[in-house]
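Take a look at this one; I'll ask things after.
Going by the order they are written in, the chains are A, B, C and D; count residues from 1 in each one.
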Amino acid sequence: MKGFAMLKIGQTGWIEKNRPVCGPMDAIVRPLALAPCTSDVHTVWEGALGPKENLILGHEGCGEIVEVGSLVKDFKPGDKVLVPAITPDWNSVEAQAGYSMHSGGMLCGWKFSNFKDGVFGEYFHVNDADGNLALLPENIQPAEACMLSDMVPTGFHGAELADVQFGDTVLVIGIGPVGLMSVAGANLHGASEIIAVGTRQVCRDAAKYYGATQFIGYKDGSIDEQVMDLTGGKGVDKVIIAGGTVDTFEPAVKCVKAGGRIGNVNYLGSGEYIKIPRVEWGVGMGHKTIAGGLMPGGRLRMEKLGSLVACGKLDVSRLITHRFTGFEHVEDALMLMKDKPADLIKPVVVI
Amino acid sequence: MKGFAMLKIGQTGWIEKNRPVCGPMDAIVRPLALAPCTSDVHTVWEGALGPKENLILGHEGCGEIVEVGSLVKDFKPGDKVLVPAITPDWNSVEAQAGYSMHSGGMLCGWKFSNFKDGVFGEYFHVNDADGNLALLPENIQPAEACMLSDMVPTGFHGAELADVQFGDTVLVIGIGPVGLMSVAGANLHGASEIIAVGTRQVCRDAAKYYGATQFIGYKDGSIDEQVMDLTGGKGVDKVIIAGGTVDTFEPAVKCVKAGGRIGNVNYLGSGEYIKIPRVEWGVGMGHKTIAGGLMPGGRLRMEKLGSLVACGKLDVSRLITHRFTGFEHVEDALMLMKDKPADLIKPVVVI
Amino acid sequence: MKGFAMLKIGQTGWIEKNRPVCGPMDAIVRPLALAPCTSDVHTVWEGALGPKENLILGHEGCGEIVEVGSLVKDFKPGDKVLVPAITPDWNSVEAQAGYSMHSGGMLCGWKFSNFKDGVFGEYFHVNDADGNLALLPENIQPAEACMLSDMVPTGFHGAELADVQFGDTVLVIGIGPVGLMSVAGANLHGASEIIAVGTRQVCRDAAKYYGATQFIGYKDGSIDEQVMDLTGGKGVDKVIIAGGTVDTFEPAVKCVKAGGRIGNVNYLGSGEYIKIPRVEWGVGMGHKTIAGGLMPGGRLRMEKLGSLVACGKLDVSRLITHRFTGFEHVEDALMLMKDKPADLIKPVVVI
Amino acid sequence: MKGFAMLKIGQTGWIEKNRPVCGPMDAIVRPLALAPCTSDVHTVWEGALGPKENLILGHEGCGEIVEVGSLVKDFKPGDKVLVPAITPDWNSVEAQAGYSMHSGGMLCGWKFSNFKDGVFGEYFHVNDADGNLALLPENIQPAEACMLSDMVPTGFHGAELADVQFGDTVLVIGIGPVGLMSVAGANLHGASEIIAVGTRQVCRDAAKYYGATQFIGYKDGSIDEQVMDLTGGKGVDKVIIAGGTVDTFEPAVKCVKAGGRIGNVNYLGSGEYIKIPRVEWGVGMGHKTIAGGLMPGGRLRMEKLGSLVACGKLDVSRLITHRFTGFEHVEDALMLMKDKPADLIKPVVVI
């Protein structure tokens, strides 16, 4: 079969591989729609996961099952399915402890285009089909379904990590597709004012649609000073970090209230240390909790978040600014993600 | 001063009383708008709080401060304020334990028209002004502000007690004004499907506006059977009880999933026992948690929920179906609440 | 192979069955020690699980693995293992939601002597060995290990459900072996005063050893009145119900403080309804949360609770009052459990 | 009256001041026993709170009430009381949000020897007596009662911040008096293995008494490597930081499991940044939550923790290595705290 792969650090291309083999609990899926992610860009051109050779890329997509293993009970060939980017080993002790995304080791619930070939192939393999797939609701289109693999669960996890509650003032740093879903997640968890950090107009428009009420630019001064101005010196109740770098935590700590929380869902690709300013962190005693975590994946997560889209309470189509048709356009979509033109939020390839 | 009072069980009328006296931490407030509550009806005509004589009624309103005590720091005469129905003693051990509504004893955070004169007077007394009042945001009208005293915080507490999370299917039993705010609260906390129980058209229209997706009637069969039909036999993740009687818990337990929660905010006025069906409660081991609680009141709660209205994310005007102008119409508004015509959700009196 | 079984309601006996078959994720275990449970008594003589024929009894034991399936990674024949009474299907949506004991349906994580043959056989079958077994720590004897199957995790779950915190006053109703472990769990979660309800001297002595500070008898007046006397009218912060009937919730609600929690781990074998007294439950608004649940099982739970025994912080030997040697004594042990002599807490059979 | 004060940075001495004035909600207390804290040393000799002149030191002590304000309801002159180091303004929005220690601003619940004169005077002032004092249980001696002001609530808060649960393996960094109470708190919240970092024999002996099971020395290699060795490469479930510097977080992050928590109760006196190692923090996504907070104070906290001592479940006398008699010895006790001889844990002055 054909697949679009990372050949080595800095180089991509189409390769031929054997169709993946289906274990007794697994499924083989033919993609219906696919989307590239900024992580794919990090993986290839920054070598963020280290040197990988001939690894099929991609962890966002939906598809149709073509084969299931002998122990699979709830799915059969022909079923159209949502596919999460994170597909845990559910019987691991980490999953039993509530951290399925770290099953088998930190971040090891992330398998696609990390430990095994990703979804940018004519077929892809899903471990534990019963535990990790969900039926595609009838009223969700394949293109929209791709947003449920990573953008929605990751963005919403930001709101969960920050523990947004009724009436909170929330700062969302970064309004790319993940940050936009953090805005939507904060909004759907009861936030009042949502201050969004970002400048591209297409993103600001989408952020406003998803619930942002005020905007800040990276270049208009430090984030924390702008936040303090906007809040009359009070600061914000919660911060979601969905963009930036290891240096983004400093302004976050500075402008969150004592007793607040900072939830990070940004992949920190470089830098040796995240630096927490001692004094503004209350000399260690300010109750400004710092939490960061990989999205929860698996079947239930897909069913729950899918239901928000299916019942019309979350419209993910605002994320999709570029649409391609045909498997071969996976390459174009990835290059678009790499080049990030001003009008891009997220490209999707329908197959 | 004049006040509209419960004279004795079953009888109301206008009385003259001395203006309340302001303690060192307190405030005296002149009402700008007032609303009657079904609780007032229970208090007078059902004697729910026992025999009371010449007690000024009412616990929903907003007003303008006319006097503050010597220890009050953050408010002054002339300030327009939100007033919660529940005004705790914040230094009590119960408040320190996180249950301010039970400060000094179970339910004892509820003082207005319970332990002391309520808000249906030319002036009313607020204990601990700094701890219990909040400035009225400029873009909230006094009529709408009345909804923040009790309907919004009580209804939203239902969503808190039921612990509604992203993608939950939620059953809301009762869609009077509190139930409608439970629908809104569940919706603003991430619920997908919201099944609402109620039949009046004005309430169903409002419920749909606030996020309900499906409806059930009390007379179309048992609630649990209707829910099981709608959910394909799966049941719901969470239940909010905002209406009904002590017998409402039985269908709630029957149709909530194992691991679900039932949150009650309904004042249970009569009946000796709430009955939990043993088998469907998992012979004691089904993890169907039953929580019921009086709304949290106080300043922060008013500020937080007020900010949802102020920033346009919650429109409470859909609750107000009848508007009066003039203090003397408090009586008409209460009678309307007693008679519950088909087109009523909530009446308000602007002064 | 031989097994000790329920032949039909009211009748037990030894039967011959085929050795269970090992699926790809499973293990076959030969018991090293076994213990009967009051549930076995309910199952046989009260028909609590309905009519069952020739079902091998027992869900408490430890053993040595004799066979593992092809997909099992962490265990091999010869390994000595802790075996939980509850062995979930970890990839079920219920487990993903945090309620593994209800995987596949309410209470369906309980398989031994319920849906399949129990542990009172020469061999028994364990589903998902990697997910449900734990290595037996070297310094735990097989007899003591049996207490980790059900008594410890169930009793401790009472303390979890009641959410015992530093300095709480806790009422534990029932001091049979589960209740004793609820006392120990409350004590190990920071309770101060622990008021235990029970009269048998052997149980009171053990309860005192595990942390109980005061005692109440069922026959010395109503539980709630005795508690109110002991606490100067304040009531208790938390209640753990580990004995009694559906009628035990009434005194529990009456003597728990507003804002308190009642955690039930008692199998409620009969009665149509649990009755919650309306007035003392705060007319629905007293924040007296009622939670009841089956113990969490599986590997991590065994590892965690096993470590408490292994490091010497929990001595379960005080539970074992009667010790037998030889598989054939399983019958005697069960009869002892049925007859409950005054000096019995728990019998164990070492094989 | 006489008081022992910080005269300026680096200098202490006895001064004369007017007896403090009692506001309507307050109390004036005469000390029965007092203890110096390492914070006092930081305040004076490191100028940690900035330049202060003639500020009476001390925030650990108990005493007898000599005067109460007109609004105080639950206390009267002659009552012997526990006094917490942190005395919040309970009606502040921060306290209403659950963070009373930050009432009025980050860390502003800490008033003694910070914003106002401390307890090392012939009399001291307590704001909000009803909210912040607790009756001294009869069976707690004044010397022991001093440990309840700061050492117990701070140490135990470490276990709360780290969210220690049944069977957790916990690392406690620092076993001075606060760290010892973190060991005790972790132990009383269900920890199994407790690995303690510290070398002084008197501290190790006390740590073993309070529940530590293994020991590590600062000088025997990096903390994280030693922990990895002890845990077979698995790391620990939770970390409590009760000593060290801003650099202590690096090994903590390195040796805590994904999904673990780090709770800090150490006052970080110097350094610009706390540095979180990016890779071991899971490139931002490892769910290694970092929480740090000032102890909760106030009346309920004193009652709850006091009850643990009163009922014999926590023996704080092991903390007290040096005892003085007579108010004038406050100076000697502080100097001892400054010099930290090898056999010191905590000195107390009984008056």
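Keep in mind that, in the parts below, a contact is a pair of C-beta atoms (placed from the backbone, for glycine too) under 8 Å apart; a residue touches a chain by one contact, two chains touch by 3 or more.
The structure displayed is predicted, hence computed values, not measured ones.
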* Asked: What pair in A-B, B-D or A-D shares over half of its contact pairs, by residue number, with B-C?
  -> A-D
* Contact-richer chain pair [A-C vs C-D] -> C-D
* Structure fact -> Distance in whole angstrom between the CA centres of subunit C and subunit D is 38
* Asked: Which residues belonging to subunit C are in contact with no fewer than two other chains?
  -> 97-98, 303
* Would you mind writing out the residues of subunit C in touch with subunit A in their complex? => 24-25, 71, 90-93, 95-98, 100, 128, 130-132, 298-301, 303
* Asked: In the complex of these two chains, what residues of subunit A are touching subunit B?
  -> 156, 160, 165-169, 185, 187-190, 192-193, 211, 213, 303-308, 310-311, 313
* To do: Would you mind writing out the residues of subunit C in touch with subunit B in their complex?
  => 48, 94, 97-99, 101-102, 105-107, 241, 246, 249, 258-259, 264-278, 281-294
